[in-house]
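This is the structure I have questions about; it appears just below.
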Amino acid sequence: MLRTIGSRLLQVPIALLGMTLIVFLFVTASGDPVLLLADPGASDADLEAMRRELGFDRPWIVQYLSFLGDALTGDFGTSFRHRLPAMDFVLGQLPATLELAAASLVIATAISIPLGITAARNKGKPIDLVATMVAVLGQSMPVFWLGMLLILAFAVALPIFPVGGRGTLAHLVLPAVTLGWYFNALITRMVRSTMLETLNQNYVRTARAKGVPERRVVMRHAFRNAQVPIITVWGLQAGNLLTGTVVAETVFSWPGLGRASVAAVLARDIPVVMASVFVFTVIFLVINLLVDLSYYLIDPRIRQ
Amino acid sequence: MTMHTIRLPRAALLSLGLAVSMATAPAAWAQSTVTIAQGVDPDVLDPGHDTLITSVSTMLNIYDTLVQRTGEGDLVPSLATEWRFPEPTVMELDLRQGVTFHDGSPFTAADVVFSLNRYVREENPLSIRPQIAGIIDSAEAIDDHTVRINMPTPQATIVANLARYPILSASAFEEMGEDAYGQAPVGTGPYALAQWDRNEQIVLESYDEHWRGAADVDRVVIRPIPEDFIRFAALQAGEVDIIGNIAPERVPEVEADPDLRVEAVRSVRNMFVGMNPNVPPFDDIRVRRAMNHAVNVPALVEAILGGHGYPNASPCSGAIFGYDPSIEPYAYDPEQARELLAEAGYPDGFTVTMWGPNGRYLKDREMQEAIAGQLSAIGVRVEHHMPEWSEFIQHFLSGDIEGMYFIGTGNPILDCEATMGYRFDSRRGGDFYNRPELDALIDQQIQELDPERREEIFAEIQAMILEDAPWIFLYDQEDLYGVNNRIEWSARSDEMIWAYDIQLAD
Amino acid sequence: MVSLLKTAKGAIGATVLAIAVLAALFADVLAPLDPTLQNLLARLRPPMWRDDAGQLYVLGTDALGRDLLSRVIHGARVSIMVAIGAVLVSGVIGTTIGLFAGYYRGMASAIVMRFMDIQLSIPMILFAIAWIAFFGAGLLSIIIVISAWGWVQYARLARSIVLSLKEREFVQASVVLGARDGRIILGHILPNLISSMIVMATLQLGEAVLLESALSFLGMGVGPPTATWGSIVSDGRSYIDTAWWIVVFPGAAITLLVLGANFLGDALRDHLDPHHN
């Protein structure tokens, strides 16, 4: 176990190095940020002077190394567009995204676990069919489409929730459901199939035979085993969560790092791109680390 | 147990719904708050660095300028009370006394000198520099309340230009440093920045010591909402009071709502499709004219903009000085267009690329596709490149456009001269255009101080451009705003939203 | 194959995929109208609208008066081409890498494994957007970016299967008999690998369709006048309350295609790999 965690930690610098290098190369090579910063009508001499000022007249490798050197000291540079430290900007955009992601995971988990368990216990009955439909549809619907259908249903036809923007708790509901739907589907499916397996296992039957109350059987004995795959899904889907976040933030005009980082790539705001990549990569690695740790806590067999 | 857990989320959702309707009900204090929704958040609140029109609109609430333009378009004193021209290239201004910045410090000539010289500086140039270079050489203080501005040549539009250079606080700027100042600007304007949650909201509080007196509205919130449907829904829900760029097909819906109204004004913004005249096929004037004959502008404006636009064969908007109303557009005549193409050696048409932004202008994407649709009738096949704005403008400014481009020209000084500078003056980076005789006329009008004579020169310029047909001339936009009836405000043709002019209806 | 189609899932999945492929291949014949043909006087007409000439617009028209049904049919092209292209590219590359990483355990294999772990931990959407900003949003560029996203899945699966195959008797026997690596790989490993890879590929088809549509929706897909499902939905965004059909139908097409691919994948898995579960 310690080895797993150790190798995860070792990955951190390599992942960061690789990702920043690739993105840096593409973004630098793909366009000239100065053209975006200057007013239309800037003269060539003005553009040249701006390039010099921002350091774009240097070879890319020098630019990258100097970025790297500064980043090691925690300095990601100043955003070209926003004129403030890139990391400050990124961290300022992060809470909205975390709020959305956390809410969507809560919703997904709160629906999928009871749904999966109920479906497994009532195999072949209507509720099982519902669970299967939820799982199948959730995995097949594009996130942006689901978001727009929800807007259509619950903001236009039945004006219960606001269509977009961030503000009250109600603003959070539709984007969180949109983003959480896919995970809901995955987890429902996972819980259902693991529960089906475990409910038929000997120790569960023994517990039942001993007269342990059904609720206890399900929660204590059977569900315990379903936790591992659920956590695996969380870890594996961390990457998809970001893609979903970008889309959900776009559909609902939700302010957040997903949208801001895409805008930064398009605007060639390299310090912000780099700081976002750094933050996202660290978040993924932390999630995966937590996943490893939870295996360890949940399943004693892994401890050996 | 399980039934209970399943029901729980639903119940929670319902009660959430209730909580919302209570939260959005206007509380008593909200009476003096007005919320404005724009498409994008400013990058930074430093006018030197961010020259995007919506950012300028936000900043003109925080900063004052030497001269200001009223909603009717008149230029009136602001931080400058009077001005005179001791020589044709020298302007002297008396500054208003007793004006203070938001930090309480007094406004003096040093602030004006600092701001103008910063905008115009050559080394480490700012984004705003192209708007001031060639118009002002330098500024200097004569005494604490008098300033001298030196110009390279006589400038017919100097007063109008002074209405677009916000005045910064020299002392606050030095103290805070450039970057920090752009996050927490200090101006003399009627509103001071209270809070800025990036990409979410800018909160402005009325500055009670403002020299014109405190504004009617205590607090102004400016929210960036990129999706136009969501912006519209926020207006309907009463979450925001003013939204710009409402889609024409929503106009009837807004008008039917007893709480809302539409404010419309002919914009200074003129839309066109430029053709690069330096490379085939557009190096042939017959091809460029054929393109104009092939596009039915009134039909496009009617269908796509719901009639909310003004077909215009001049590059200058009908809302600005110098526009020649007698100008006659190319007639819509696909037959003649085909003949012209055949004469030019393209009897079967040709394939050409068209660059244009997606999501920047009212109905820009539909408009580009519709223009392409009409061109296909004369055999011109269009390949679109339609990225979002930042991608587009980057490509456009790099000059790498072989075919056509769809874009609009704004006009911050409400004078045809700005259009010439942006699009035609070869010495000021005019798009692909280089005609010495036109450049000579442009120089003439800049230095001509008699407005009537200037109008005559502009008429000559417009006739020359129309004949040469470097563009497919399209239309002036009509700016459409959705406004909540609880406020009094009317739209300005220069795309600015001045919070000081907003009043609550009761 | 026949028994595969007998299961409901397999039959539905295969039918949906077949329809989509046919639509993509014969869009010119199947579409009632030219998908780029505009009629500015017939914008935003609802489904089943009929014009004066009697032409029926089954799914209505879009903001430029183009026939939505024709656009949805033509939109199948991009989805199918990108999905198949990406699955082929990432499948071949991923399987090959996974196979060698599993067969030759050693330094190189360890490095490849680390690389895959790392790739799984980086935000691919940012990579994708940077790539598209650089190389443009052509068909090929999008296929490459989606392949770069997906190959790891194949590589991991292939490697784990190869690892277990190597322990099996028939492979061990060949090794003992002195067979060459190439012979063992081609003769014993690959044939036993291929069915699992096909299952994987089918499941990844849906994934690729979803990714392409998301990129398209974000304005980073194949541009106009080519109709793609993602971009039609994106274009319909501002009309969602006045012309719901523009958003609803192409989105439904995406969902159906992905659903079909997932069904077929599930059925294939049950069919080819009955021990699964």
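Read from first to last, the chains carry the letters A, B and C; within each, the first residue is number 1.
Basically, a residue touches a chain if its C-beta (ideal position, glycine included) is under 8 Å from a C-beta of that chain, and two chains touch if they have at least 3 such contacts.
Just so it is clear, the model here is predicted, and its values are computed rather than measured.
Colleague: From the centre of subunit B, which other chain's Cα mean sits the farthest off?
Modeller: Centroid comparison gives C as the farthest chain from subunit B.
Colleague: Return the chain pair with more inter-chain C-beta contacts, choosing between A-C and B-C.
Modeller: If we tally the C-beta pairs in contact for A-C and B-C, the bigger total goes to A-C.
Colleague: Which integer distance in Å separates the CA centroid of subunit A from that of subunit B?
Modeller: That pair's centroid distance is 37 Å.
Colleague: Taking each chain's centre as the mean position of its Cα atoms, how many Å separate subunit A from subunit C?
Modeller: Comparing mean C-alpha positions, subunit C is 22 Å from subunit A.
Colleague: What whole-number Å value describes the gap between the mean CA coordinates of subunit B and subunit C?
Modeller: So the centre of subunit B lies 43 Å away from the centre of subunit C.
Colleague: Residues of subunit B that touch two or more other chains: which are they?
Modeller: Within subunit B, the residues that touch at least two other chains are 227, 229, 233, 387-388, 391.
Colleague: Which subunit C residues touch at least two other chains?
Modeller: Residues 133, 237, 240-241 of subunit C each touch two or more of the other chains.
Colleague: Mark out which residues of subunit A touch at least two other chains, giving numbers and ranges.
Modeller: Residues 31, 156, 250-251, 266, 268 of subunit A each touch two or more of the other chains.
Colleague: Over in the complex, which subunit A residues touch subunit C? Could you list them?
Modeller: Where subunit A meets subunit C, its residues are 11, 14-15, 18-19, 22-23, 26-27, 29-31, 136-137, 139-145, 148-149, 151-152, 156, 193, 236, 238-239, 242-243, 246-247, 250-251, 261-262, 265-266, 268, 273, 276-277, 280-281, 284-285, 288.
Colleague: Can you check the complex and tell me which residues of subunit B touch subunit A?
Modeller: 1-2, 5-6, 8-9, 13, 16-17, 19-20, 23-24, 43-44, 46, 49, 51, 122-125, 127-131, 133, 178-179, 182-183, 197-200, 223-227, 229-231, 233-234, 237, 239, 387-388, 390-391, 393-394, 396-398, 421-422, 428-429
Colleague: Enumerate the contact residues on subunit B facing subunit C in the complex.
Modeller: Interface residues on subunit B, with respect to subunit C: 227-229, 233, 247, 249-250, 299-300, 303-304, 358-359, 365-366, 369-370, 372-373, 376, 382, 384-388, 391.
Colleague: Where on subunit A does subunit B make contact in their complex?
Modeller: These residues of subunit A touch subunit B: 31-32, 35-43, 45-46, 49-50, 53, 78, 81-84, 89, 92-93, 96, 107, 110-111, 113-115, 117-118, 121, 155-156, 159-171, 173, 215, 250-253, 255-256, 259-260, 263, 266-268.
Colleague: Where on subunit C does subunit A make contact in their complex?
Modeller: Subunit C reaches subunit A through residues 114, 117-118, 120-127, 129-131, 133-134, 206, 210-211, 213-214, 217-218, 230, 233-234, 237, 240-241, 244, 247-248, 251, 254-256, 258-259, 262-263, 277.
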